[in-house]
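Heads up, the next two complexes both have chain A, just with different partners, chain B and then chain C.
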Partner chain A sequence: MAEGKEAEQVSTSDSDQADFIEPETPVEIKNSMLVTTDSYEHIDYQDLESPVYDSHPSGIIHAIVRSGSVEESTDTNDEELHTQCEESNEDASSNELSSKEISDVTEEVSKPEVPELNSAEFDEDDVQTPEWRNQKKHVFILSEAGKPVYSRHGTEDKLVTIMGVMQALVSFVHDNGKDALRCIIAGEHRFVFLVKDPLILVGVSRGQDSTQQVLLQLSYVYNQVLSVLTYSTLHRIFKQRRNYDLRRLLSGAEKFLDNLLNMFDSEPSFLLGAVECLPLDSVIRDMIAQSIVQHAKVKDLVFALILANNKLVTLVRMKKYYLHPMDLHLIINLVNASESFKAAESWTPICLPKFDSSGFLQAHISYLDESCQTCLLLLSVDRESFFTLSDCKNRIKDRLLKYNGLKAISDSLTRTSYSIQQCGISDLRHFLYKSRSTAQYTSPELEAPYLSQEEQERLFGLYHYLHHRIHTTARPLKILYSVGPHETLLGWITQGFELYAVFGPLVTKPAAIHAINRLLRWIKKEEDRLFILNSVTF
Partner chain B sequence: MSSKGNITLLNFFVFNSTYGPREGEEDKKIMYFYPPNTDIDTKIKKIGLCEAVVKFTETFSDKPCESVHTQKTRQIYFEPEKEFWVVMTVSIPYVEKSKDGSQYLEYHEEDVQDRVYKAILQQAYRMFQFFNGTFYDVLTCNDNDVKVLQKRLDHFYSRDSLLFLLLLRSGLDQDDMRIMYKYLTTSLFPTYLEQELQGGSVTSPARMTATHAGVHYGNSSDPLYRYIYFNHMNLAQKTTVHVDNKKSNVNIPVETLRLLSDISSDMSKNCEDGETIVKTVSDSWIVGKKSDEREFYVVINQKNSNLIEINDEVKKLCATNFNSIFFLD
Partner chain C sequence: METRKRAFLKVIILGDSGVGKTSLMNQYVNRRFSNEYKATIGADFLTRDVTVDNKLVTLQIWDTAGQERFASLGVAFYRGADCCVLVYDVTAPNTMDSLDAWRNEFLEQADPLHHDEFPFVVIGNKTDIQAKSEKNSVTQSWCSGKGNVSYFETSAKNGSRVEEAFQTVAQKALEQDTELTKEAYPSPIQLPQDNNKSHEGCSC
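After this line comes the complex of A and B, so read on.
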């Protein structure tokens, strides 16, 4: 009966978005956005390279500090300047050397043909080992002077030559015709360049990623660097010494970069620009949020959030301010990459570049449960508030224990995600559904045939392909249906959502469409549990 | 929009690094360079960058470098014979826009598809080869005198006004529609050209252009759809996506043609059979099918159709026009 009705819907649909069913957006926004987004929906990939998009300091932190308590507002910038001074003193002794180095480099730069690239030069480098060469994705960061800052694989010291070549290519193209090098293609390999003054970021991928997708990853990497240093510090350092060895300041931060890059390979959230929420009964989620609102009413607290297994449980924010998905991803990465938070309550500075790249927020980070799965983060502009926030944490924890909030979280976690069978759709193998207005997505757990590492990577490649083909700037699509040798893919974009679905290769079109209709209905029914629809503020 | 930049040919050159290995001898690497009035320093610089790029990519990849994308240009690489590189650079089209009172140029890099220009580059080489033999043939027959090769290249590409330059100049300057069409008929279906060349049916460039312009008209009584069919095995082809050079009668928008090329490129990466159906933001549908060596593309402008209806439409089309041919459903 129901099927007949759906079939009817399919064939009679005539409005713009009714390619499959009625144009109703399954997820409605009741309140203003949760995480997000004004600028975000336009993460027009072209913008990634434009200087406008460069995370310029927004000055928000300043504004909050000033509007709040003036008493002990030690200015963030002062502090940075202070650190900076120490830094330069320390370097003073090597100043002469450095100016010589600079002139060496400029000499190199002005040589148009790029330092002679006899293969002999690469000999003692890491570049020679097959393991290094065969890596799926390399990411390099270097300074504009060509100094190695970071390499995902191999040690930077051994990659001086190849990074020098990268720098030379970038500056040669720049100097000849005020142009900008964007990408080089050789066989399966794609070399993508992103210049974010004073850094050059290079991604070398032989996967399915498009140039834009690699660019997005490089911008994340850049933002991760800002998150550790702040935009202001990074610029000040290189303004003073063009030849500065940034590894000194980033030592200890490599693990965040490594972890971020590993997450790209397994988490769809970056590709989608969306966050996954932990499925929870909305009553319980509200209770958790209210616990925070009631027990963390502290001046200067900007964001408070709970994460469980990289998923968002709840987010409470200061009224005027939003948390951009890109910033939230950096917070998730911080928690994901650090074992130390499990040992004790921590107090750590973090810069959220989309929020304000000029300074740090202070994060109080603690786990609420013995098994260290549920992590509470309290982000404040007041750097003296550790003990206050620690008290808040205890009260929140007590309340969550009392009302079984923590148990609900751990129950949801043990159920991991949800099985595709729960959606009751037999032909469907896997899907990603993004609610565009809230920048959140949902996806079932991976099941056969996507259990092996290899198959998972292949599935991921398919999603990258779908996403890329649909979002090509010059030729965007509304629907892409593609039958391949191993699976059938469907991508569908409307104003409200983006859906990427994977079927077996033999599914018929009517069956696939039938499945999609049922899936959308199921998501609609479950939306309270899968998404955070209410924006909670202090 | 006050100003606009089209795709134009910036340069085209052939070099072999083994001929000028020492410093100060870089000019010896140059086999051919267009435009010919370029000063020697520029030539050497351009080739130097290509050499650096090739070396750089070899650090990671076993396959040769294919293209370099910059904000303003696209450079296509082709190494038809060992150490001989043929390189072409075209400009990226742009439009001038203004935002908050200040002017800036918006570059449309996705309008330049590597695959299309690679095909042109290969064609340029094949044409030389057709009339002169390979670069190494030329050298072998002339006591390895590189000057002879340089002369031949110069003669072929500059003096004979060749099709290739015509193609590039006219094609790129004002009408990249034609180039897309050319691409679709000759390179998307490369065996077609291959056959033309080896079968000896080509006697002059003029004849060749004529051949390419002569397109089979399919049943175009229904204006709702256009299609292209090609069988790589027997070189049969049938199309209603035609461009009449004289009237510049364009059937489908160039954006759609580019999308067609995208789809074809995606499907060719997958060696096996497949089907792709897309709906564009302007609500036209494109269906691409690949089955054995057959490729088939349909463009349907029926705004209010859904996927199932489009599928039925294509089935009907196949039944009437390609009665006996099996396609994956």
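After this line comes the complex of A and C, so read on.
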């Protein structure tokens, strides 16, 4: 991989560009069910620091819809693009602290003096074990007082000191001219800081993730905390007690954080800001959606959705309300991380921060089949509606049984996704295709040579690299053709889609371009099955 | 939603340079003393587990730099402390005079909810050199005038009364770590902003 970077070419010349004929947007719908933000640009520093969705927790959905639609129009607006670019350049320069500043900081905060002083104590410390140090990715949450809240690896009890140092670093930089500490690069480690009053989130990565990608992960972690507590509660607590030990309120929720981070490392949906749909015949999908519409027309029911194996089967929403992909990922994580929903119908409060960070929606969660693969979620603002929704669930289930909807879902699940062979394109090993207007993506199964865990991680690393190179704010690219020792990568962004394709190392550029064009035609042909194209409302 | 997790208590040590803040911490945490003086740069962190009221808690002790040129770790540094230890040197009366300034600095920067009730522990250090503080009575009355303040005279060198002093620190800190009042618990479901609007959407 590393050697590959040297051989890469960035196709920018006119002749190269001419080969990429932008097709008509393969998937075009006016009425999307998901808020279609361009997730990546959306979650940059400006967005993370923007007080908009924090300080106006209510009614935020309207703001999101607005910002989503505005963003698409700016794509064509050169002037605006230009200024954005300048901003991001500034961003980049202030982004990484000069090495001098860093050394100032490290001088200022002396390490726990001489290790010999307390070597006996440190032996037991997790921080000192090679296992702990060799973890690829650490994520820490601490309060602004420097009290540990969560650590992905190791127990927080043992990490009091390291979290203290982190708080001191953030505090020190903040005090020197109201600056913000964003990233420290030390050897092969990248320390990324996200300060979300009253919490400090720190990601430490040894992998290829870019600062922005780690930051995206941290903002997901933050939203997961909000999902359990709500923004209003989190702030009320720390306003009342700055010294509060948040682990008390989060106890039991650690598994959601763990699971989210694990999914993040293996599922491209987070990186792409998109969801994967279960491939289904559009007639059957419509039938499933209509079953919900007809049998769950209940006051205050905002969203109804069916998930199967982390994939979206259908989503029905109240008119005017949209689900943000980030919120949908939290819902998927909730279902994925919990075994208890399999035992009985559940009634769970969940805050969807992009929807409304000030309060809880109440989720009726149940599995529709014996094998617990097909999960129905009914999200309401009425917390007294459990029995009403339970009735709805039974009627929906009956209808789905009657019309073989559940069978269609389980059939699709046994087929898993689809083989790359079905696309009928030689040389193409794997791809991710995101439809930007629907915030959905599709991807074939992982096949040889990506069968082992290591190879899958390596492939995922390639996608991270490609995604980062294309979306880097300092120099965003439309097309990137990169020849590596084991694979050739091709990334292509248009207004309608993002495509990341992986070829064998010996493919030629014309062959790759030819393959991509054939792939796009195939996706166009299959789009009814791979994507949810029409948005259903109550 | 009580949990069995062990409480972390954040303790800040403040005082003029050379009064023995780092030595006290080392004596308490590592039971060691060194005659050599090294100025603390910025801050040191040490932790010690201690039992208070049959509860095991972890003291997260933040030793700070007394020298002004190093004391710039920022406002946020003091925030969220559960107890503050003010140290002076019994052989150097002027260091006692600074207690007021340190206390004010702490209250200003940490800005706890109720300034008058925030727990402080004052330690007159170096009783191995001079058994009794000349300023003992002055300090006593200073402490009683400030509300929630306890006073100890210790020696970081021979360890005299260090345990008792920090036991009180832990006790007072734990008192700060109280449960939340009801209002702070998660709010019941709120309708997403505008009830009418969502119903409009529903009815058509």
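Going forward, the second predicted complex is superposed on the first by the 428 of 538 C-alpha atoms of A that agree within 3 Å, B and C clash if a C-alpha of one lies under 4 Å from a C-alpha of the other, contacts with A are read in each partner's own complex, and residues count from 1 in each chain.
Here is the rule we use: a contact is a pair of C-beta atoms (placed from the backbone, for glycine too) under 8 Å apart; a residue touches a chain by one contact, two chains touch by 3 or more.
Computed from a prediction, not measured in an experiment: that's the story for all the values here.
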First, second, both or neither for A:V165, with chain B first and chain C second: both
Contacts of A:I513 with chain B and chain C, given as first, second, both or neither: first
Partner chain in contact with A:F360 - chain B first, chain C second, else both or neither: second
Chain B versus chain C as contact partner of A:H138, first or second or both or neither: first
Partner chain(s) touched by A:G177 [first = chain B, second = chain C, both, neither]: first
Partner chain(s) touched by A:P130 [first = chain B, second = chain C, both, neither]: neither
Which superposed partner A:A474 touches (first chain B, second chain C, both, neither): first
Touched partner set for A:V381, first chain B, second chain C, both or neither: second
Set intersection of chain A contacts, chain C complex versus chain B complex: 112-113, 117, 165, 168, 172, 176
Chain C - residues contacting chain A, complex: 1-3, 5-8, 10, 22, 26, 29-30, 32, 38, 40-47, 58, 60, 62, 70, 72-77, 79-82, 110, 112-113, 176-178, 180-181, 183-194, 197-202, 204
Touching residues on chain A, where the partner in the complex is chain B: 10-11, 13-14, 16, 18-20, 49, 112-114, 117, 119, 122, 127, 133, 138, 162, 165-166, 168-169, 172-173, 176-177, 179-189, 191, 204, 206, 211, 465, 469, 472-485, 509-510, 513
Complex interface listing, chain B residues touching chain A: 26, 44-45, 48-49, 51-53, 55-57, 59-73, 108-111, 114, 255, 258-259, 262, 266, 270, 272-281, 283, 304, 306-309, 311, 328
Chain A to chain C touching residues, read off their complex: 58-59, 61, 107-110, 112-113, 117-118, 121, 143-148, 157, 160-161, 164-165, 167-168, 170-172, 174-176, 229-230, 232-233, 236-237, 240-245, 247-249, 251, 299-300, 302, 318-321, 349, 355-356, 358-362, 381-383, 537-538
